[in-house]
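The following blocks contain the structures, represented as structure tokens.
Shared chain: chain A. Partners: chain B in the first complex, chain C in the second.
Take a look at the complex of A and B:
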């Protein structure tokens, strides 16, 4: 019974991994660009929620949209202020720019919020429910289900709406999209806004359940790399499945080997995948 | 030709200056700053071989530095060998790591290599921090008192200064040789366009792997000398992400992919670091890292060629101005 509980917990956290990893894979697939600060975006989402609760005693229905809104702004700022010009530069500049941004955000957060772990005070979401003998944390359940729903919504947005199709068209062939009257610049800005916003929501959802500190962004950033590598280049459904899988593997390795090994297992798996199937489980070569 | 001999003279003057520096300023503080600068320049120059010349941005070079730092203290702990005897073992471990990371990722686009380096470096840091034989989170220590000259425990900082100077000289000499060797031309070709280089018959994967192994070996040697000097290493000081960051920022600040860039970067960053550590209260405050992050971001955004590129451009502007002014004189 306890094993089933561990599996459910892992899947619920994995759904949140899927949500923020979808943002990373979207930008990667579209611009062939890796955002090394993506984990820090998730961390900022957590602190955005934290500040809202601390100052305004906001409930989840207020601080989750606020985290999304704040991170959309951050994403647009980063895109227009930095990424757009760095994309024209050498590869070195592309990697260093978001790597520098990651350090800056992480240690700014250290400076402002200190290195201590904090957790959100209990919100309206609390307690546990029992479903056929399994105890599930309500905040965890709400977080996981919301994240899974939003990841699916992102996929539907990309495949079923006009803006989404334009975005995918730019990802497919920039020049051809331009000939069809689509402005790549706008679509890329939209991708950064969606990616950062989803990272912000994911951060707020994790913050409801788990304690956090500024250095947690690094862990989430690496987790997102693993999920994206597993799920394949630019694939949101791939990220969903890989995210659930990574959450599950983490929960099981923490359960069987001890909590210290949950990150070790994931990174080791990442190295193994790079050797065996670098294009991902569902990706194209 | 004149430019080449002028550069040679510059290097000669720099080498002479480096040799006499601790004799002119013998205070322990100055020698310490000098040693820090040499270490920063040597590791950045080692990183530069793969990150600069080959354009494959490693953000996990701490794994090589850490392997180099841990092995000397490990052979001392296990068999009471003099720590410096661990240097070749560190290099062997680093070469194995280089192959482990490079073999699968060099088939793919550059991003994969960057992601793999950071993931493997983190994996190793986490593993070492839980491994009891490696001192876990506490780390390893060298001999407190030297049992003989071979333990290389000197009271004065001077011998270490010259050890690091010798290392820097070797790394720079290798880089200089690399620049004019066939491998060096291949590396620059594949940095500019991998597809074009491959179509011209450059063995792209093998070149990248060779460059990474060369870079890893030197980084490891620097780590070993660091461990011999400080007689102590823990997961953070040997394998922490800041170790990798330091190499990247020094090389990128000076000018990645150039011979002089890493040296120039160390000349700019080390004094700055000393000042910020003195006035902002050490490394713990995190302000140093905020400045690092901001600096990396600004370099990438505005001056991806580093300070050296900026200097060259300014000199170009200056050189163009002379004929322009002569032209106006003729006109008048």
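Take a look at the complex of A and C:
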């Protein structure tokens, strides 16, 4: 029984990992652009939700869309204000620009919201469901289901819609895409909007369960990189599977080996997987 | 660099309101107006892109270099401690005749040094021991501070005190509790706070008292974060338990930056200890309370070892589900009109909330240091060291529940001690030892939920 509980907890945690990683895989995998500020996007999503609750006593049905909307704006702002020009520069400038952006966002948040941990007040999403002795945290369950839905939606968007195909075309060969009449600028702005928006949703959902402070982005940012690398660059379903797998391994190793060993277990497997499959679980070689 | 990256204002805007009503109610909405106004004000300020000018330097000040985690996981505690240090600075630098008994309160500045003021130089080690080491070096060699003070996390105190020892600069530890800090033969280290073994002994005496009252304590569990602080307090408790024939059902070390603690809670639920002692920092302490609730686990007693449980974010975040949780504290606000109450008011005016134990121990540390600086009458390191060694503050001269301040050969304050407190409503109340209790102990912590 306790094994089932550990597995359920691990999978729910893994779904949360997958949730905040899906946006990163879009930017990283589809645009070959590493966004170090992704964890900070998630953090901003948390604070967007927090501000909505604080000012308007909004419920989850209001603050989750608001966080998504706010982060879409942030994503567009970042793209047009910074990324567009940085992409013309050398590779190193691209990498360091988002690193700087991450620090800027983190310390702005420190300044505006102070360093204290905050958490959202009890909402309709609090509580625990008991299914034949197994306890499931409602916010985690909602987060997990949303993660899966979001991931599938993103996958369908990329593979089944015109805009998705155009996005992939730009990633593959910018010049050829332009010859086909696709405007790369618009497509990339769209990618940033979608990625940031999903980070916003992720942040709002995670904020329901976890206490957070402006430095929370570090924790989630790093995990997101691991999930995306593990799952395979550019593979949205890969991010979901990798997230679930990492959550599961962490839970099992923390319970059976002890919490201090859980990261060792995860990263040992991580290195092993990359050794055998450098492109990640579901990435293309 | 790091000093420039720290927030420009002390924390405290998002803290709990300090309404003295002790009805439980929803803890959260009380944060309301103050915070809203603050966030709005900051957003407006930001829009105006105002840059605050750095503070002007005083002429003949005594420079104290202070190392704290002003960002990172323990930032809230670091920011609260920073505000406390600034209150201590205010008490020493300005005349406060209303604070009876506190040395240097009624005069402005340090009288033996011609009214010299204290100047505080804050740096942010982010809870990173190697950064703390580098910053200590920078404070000594570049900022030319006269004394060092810090450093919250024991691991950071461990590395930074070694630098001070090498350069022969006095280092006063306000709140780091790991036993191994003293006992390294250091000559320049002075620690005002009680330490891990003091706490472990207090816990065992408390368990004995409870057993005498007929409470069942068949075994305890120790859950500790795995850096110097958690490990040394955990070790001290395990050793004291062994000496007192108290079985330790399970010992769980973990990393404080975990984003999930359910495995630990399931392990605890499996072992069924009667008391669970958490030695945790802030976010992990909050997560434990939430996870225990969601996994429907409630041991008869939960005892938090200060730190995370005293963090200003703890009660607003989980006060409703952590009712009856015990904690340790050497700090008690006291009755209106008392000196402690007035000091608390000064802190409250600055931050909007009450002093917590950690910040109060730092405030006391600063005051004890200022007393020594004044007696030294000079900024020469040797004279400060000698004055620190000769420190002998009486209970009526201090603000904490210590029996005084007096250092032994290793630099440890041998008169330090602690109360135990219990979360009732929206604040902790002293419940042990019985003579300092304001309210009876509630045991078990919550009625079983099954």
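Just a few scattered comments:
By definition in this document, the second predicted complex is superposed on the first by the 261 of 285 C-alpha atoms of A that agree within 3 Å, B and C clash if a C-alpha of one lies under 4 Å from a C-alpha of the other, contacts with A are read in each partner's own complex, and residues count from 1 in each chain.
Just so it is clear, a residue touches a chain if its C-beta (ideal position, glycine included) is under 8 Å from a C-beta of that chain, and two chains touch if they have at least 3 such contacts.
On a predicted model such as this, the values are computed, not experimentally measured, just so you know.
In the superposed pair of complexes, A:59 makes contact with neither chain B nor chain C. In the superposed model, A:137 makes contact with chain C only, not with chain B.
Within the superposed three-chain model, A:263 lies in touch with chain B and with chain C [touch as defined at top]. By the document's definition of touching, of the two partners only chain B reaches A:82; chain C does not.
Judged by the touch definition given at the top, the superposed model places A:275 against chain B, while chain C stays out of reach.
Once chain A of one complex is fitted onto chain A of the other, the partner contacts of A:108 extend to both chain B and chain C. Once the two complexes are laid over each other on the shared chain, residue contacts for A:213 go to chain C alone; chain B is not touched. Shared contact residues of chain A, touching chain B in one structure and chain C in the other: 103, 107-108, 110-111, 115, 260, 263. The touching residues of chain B, when paired with chain A in their complex, are 51-52, 55, 57, 59, 100, 103-105, 107-112, 114-116, 118-120, 122-123, 126-127, 130, 191, 241, 245, 248, 252, 256, 285-287, 289-290, 292-301, 304. Taken in their complex, chain C has these residues touching chain A: 5-9, 11-15, 26, 28-29, 31-32, 35-36, 39, 42-43, 46, 70-73, 75-76, 78-79, 226, 252-255, 257-264, 266-267, 270, 282-283, 286-287, 290, 293-296, 311-313, 316-318, 320.
Within the complex, the chain A residues that touch chain B are 28, 32-34, 36, 81-82, 85-86, 89-97, 99-108, 110-111, 115, 218, 222, 225-226, 229, 260-261, 263-264, 267-268, 270-271, 274-275, 278. Interface residues of chain A, counted against chain C in their complex, comprise 2, 5-6, 9, 13, 51, 54-55, 103, 107-108, 110-119, 121-122, 128, 130, 135, 137, 140, 209-215, 219-220, 223, 247, 250-251, 254-255, 258-260, 262-263.
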